[in-house]
Amino acid sequence: MRGERKIRVTVWNEFRHERNMGHEASKIYPDGIHAVIAAFLADQPDFEVRTATLDEPEHGLTQDVLDATDVLTWWGHTAHAAVEDAVVERIHERIVLGEMGLLVLHSGHFSKIFRKLMGTTCNLKWREANERERLWVVEPGHPIARGLADCFEIPREEMYGERFDIPAPDTLVLLGWFQGGEVFRGGCCFHRGNGRIFYFQPGHETYPVYRQSEVQQVIVNACRWAAPAGATAPVFGKQSPRETL
Amino acid sequence: MRGERKIRVTVWNEFRHERNMGHEASKIYPDGIHAVIAAFLADQPDFEVRTATLDEPEHGLTQDVLDATDVLTWWGHTAHAAVEDAVVERIHERIVLGEMGLLVLHSGHFSKIFRKLMGTTCNLKWREANERERLWVVEPGHPIARGLADCFEIPREEMYGERFDIPAPDTLVLLGWFQGGEVFRGGCCFHRGNGRIFYFQPGHETYPVYRQSEVQQVIVNACRWAAPAGATAPVFGKQSPRETL
Amino acid sequence: MRGERKIRVTVWNEFRHERNMGHEASKIYPDGIHAVIAAFLADQPDFEVRTATLDEPEHGLTQDVLDATDVLTWWGHTAHAAVEDAVVERIHERIVLGEMGLLVLHSGHFSKIFRKLMGTTCNLKWREANERERLWVVEPGHPIARGLADCFEIPREEMYGERFDIPAPDTLVLLGWFQGGEVFRGGCCFHRGNGRIFYFQPGHETYPVYRQSEVQQVIVNACRWAAPAGATAPVFGKQSPRETL
Amino acid sequence: MRGERKIRVTVWNEFRHERNMGHEASKIYPDGIHAVIAAFLADQPDFEVRTATLDEPEHGLTQDVLDATDVLTWWGHTAHAAVEDAVVERIHERIVLGEMGLLVLHSGHFSKIFRKLMGTTCNLKWREANERERLWVVEPGHPIARGLADCFEIPREEMYGERFDIPAPDTLVLLGWFQGGEVFRGGCCFHRGNGRIFYFQPGHETYPVYRQSEVQQVIVNACRWAAPAGATAPVFGKQSPRETL
């Protein structure tokens, strides 16, 4: 049990679209997507929240920051390649050691860290057409579905469609329906090493998706689910026999 | 979050072997296996524990008792057939509704409720030969492994061996090694409906297995894992369209 | 390898709706749903096909018939309760022994045999509204998806929607999109014992769904996938030690 | 169906230990591990076999060779780092496209390609102590178990023990028991993209493990299982709507 200690969440954002005044995202999220996500997370009494962005030194993800992070949320889109491999390795190590969970949001499906964890291309179908999405709860008993009705609508969202090239998720929590005719595994749990990863599809930068209460509920639930809970570090390497040979 | 409310555990036991004075179990567990399990569970500050046994009216599992149970633990061996189908249905319904978790212990693999939940024969290999078992943690990041070292030994246990005819578990947490040469999937998580089920192999009635601290730790962890956590009841049946047709 | 021997498919149908002249199904499938399914299966050079229906003695599923069946396909809707438990047991035994695969079609989700294999309620949402379905291939590398494009449309189908109360399938092959706004896990693989089970959602009796080529392709592929392929019977029961104790 | 065409297997080997005359492997496998594996595979009438080794140009795995390979088997130990990243990318691409299956043998658990596909450290416990292993069939209905009894012994093998840091396999086919007291998930199936991967633990270079018939049977079965079977290439990228928006 975590006991009294709060869940320390670091909200990471590429933060490029929102600083481009000609980009629609600059109107929807003038202070950046991370500011909105951090704000609703900080409303939770058991959360302690900070933010980090791509253009900070070491992308704001120094070893010290990661060592003080229980859950990292990741939003990136246009600059995946700009993320330094050394930082990706640092994140990866902490996840598989079970010291930090990861939430990958929307276009983060193509991030270096998600592709490294999945081992696949993470490719998918997409379309920007102001269309309606409806997310259905496939596993109502899962902690990430807590407090949700059997489905919820997002009035306008970018379409992401199957085939989504990921390994079959350990648990499929949410399925997306799109007005234009596609479906998508929009809420997927994975375990890698001792760490927990949740991929959540909503969140195109030109729509106010992260201001919607159901989307916020899922992210809050997922941070609680992904937070490490005292796993014992595995023992590896050369061993003596347990029995007399 | 369950918040302040305790986890209400009902420890069920067939309680036949222990009342047979010629049976070794009557020496190991003079007050019944359930008494020992209930005692160590009751030591947890967040648990509220009661017991029930086969020869009570309705096997001690009236609707009222089940309605006040968050997690049911099940030990049976010699009298699976004596459990009334109506009680099995009652238990099953509460599990799939997500209102109660289930721990199936040792020879409970052949109980009506476990076979009904699995849909398979639940058959296996076995041998009583005073042999050593060693249980290895396959998923150290899982809540049921909390506080365990990478393995623990049971000095004497009945051998259970593969092929164990169950559907592939949703998570395989523990693997058993037996001195006589077999292996067994000894700690398996399943989800059925909104409910959580854990099968845990140790616990032959002629050895003091439930007096061992690591075994107790697993059962305590599994009760916390299996306890319902506020799932929304699914909506089923006839629906109106969500979109204009 | 099966080698030269053909796959022996028995197409089972409740065959009640189609014999009711006031029912729309009597126009769509005047000789019964089974006649149409058997006909397209019989076009495959490696298949040997027979049919059986509810109102035959022992529902047409005597031990002899089952012993000569590699894959059983199941369509039922209005008379699940009329299927004798003894026949269900007989089918179940042959499946878990790995001697026969099972395809459960459409409203067969509520059949005794499917619920027995799943261990859950198998409940779902539904609506009859002449709406369009589109089935998306989630796992294009799976043998059941062979020869399909990335999706196919069914012009009119009954809606089946999530939450579908099944255990998480071993492989999710197809996902359904419905015009009215729902999604459904419409093509699901399960393993129970040594047997293979495929649930396939399309096939409402008032639409000519089984006359559609893509639907036929899935059923043909699934029969090949579900056919037993020489599994060794598991050894169960009391064992001697493999090692000196 | 593959029809008449043979399964083209390329047997890859690091081939360093065996050329070191002071190394025990040079006595067990004087022509290299690959020579022994290729020989028993070539006995299968439906297989066409070639070999490739680390010290050939491009490690013997040019694009042309890979384009003519249905299944690649991989044995490496001492020189994982010497495998060029470009070749690893080439192998990875062909696997996820579903054009080639992969068998990873023994110490190949630490190869670049396996770690890239898994997304984890792939670490484990080990010991060289001339001990007995017994491999148990967990899923007797799986094609990779075809023709095996319920278990088989390897007289002397390096111990590999849990925790094995891999994602939970899609199917766990074989479990290893070691004389010294450990267990290991020794036969594991994974799907990545459209490709199939099988990890098989036996095969330490100082014991004649690949000369044993049951080990050969598993590898033959696994090559048939992993061979691509006509998957449709997924469609990715920008899409037009399927429905009128």
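Points worth noting:
Every chain is named by a letter (A, B, C and D) in the order it is written, and numbering of its residues begins at 1.
One rule holds for everything that comes next: a residue touches a chain if its C-beta (ideal position, glycine included) is under 8 Å from a C-beta of that chain, and two chains touch if they have at least 3 such contacts.
Nothing here was measured: the structure is a model prediction, and the numbers come from that model.
Shared contacts of chain B and chain D, meaning chains that touch the two of them, come down to A, C. Comparing the contact residues of chain A and chain B by number shows a mostly shared set, over half of all numbers used being common to the two copies.
Here A-C and A-D are compared, and the pair linked by more C-beta contacts is A-D. Between chain B and chain C the CA-based rotation angle works out to 180°, given as a multiple of 5.
Between the Cα centres of chain A and chain D there is a gap of 32 Å. In terms of their C-alpha centroids, the spacing between chain A and chain C amounts to 37 Å. Chain contacts: chain B has residues 134, 137, 139-140, 150, 161, 163, 168, 170-171, 179, 181-182, 191, 193, 234-235, 242-243 touching two or more partner chains. Judged by the touch criterion defined above, the protein chains are all mutually in contact, each touching every other.
In the complex of the two chains, the chain D residues touching chain B come out as 134, 136-140, 150, 161-164, 168, 171-172, 175-178, 181-183, 185. Interface residues of chain B facing chain A in the complex, by the touch rule stated above, are 98, 134, 137, 139-143, 145-151, 170-171, 179, 191, 193-196, 228-235, 242-243. By the touch criterion given at the top, residues 96, 116-121, 123-127, 129-131, 159, 161, 163, 165, 167-168, 170, 179-182, 190-193, 234-243, 245 of chain D touch chain A in their complex.
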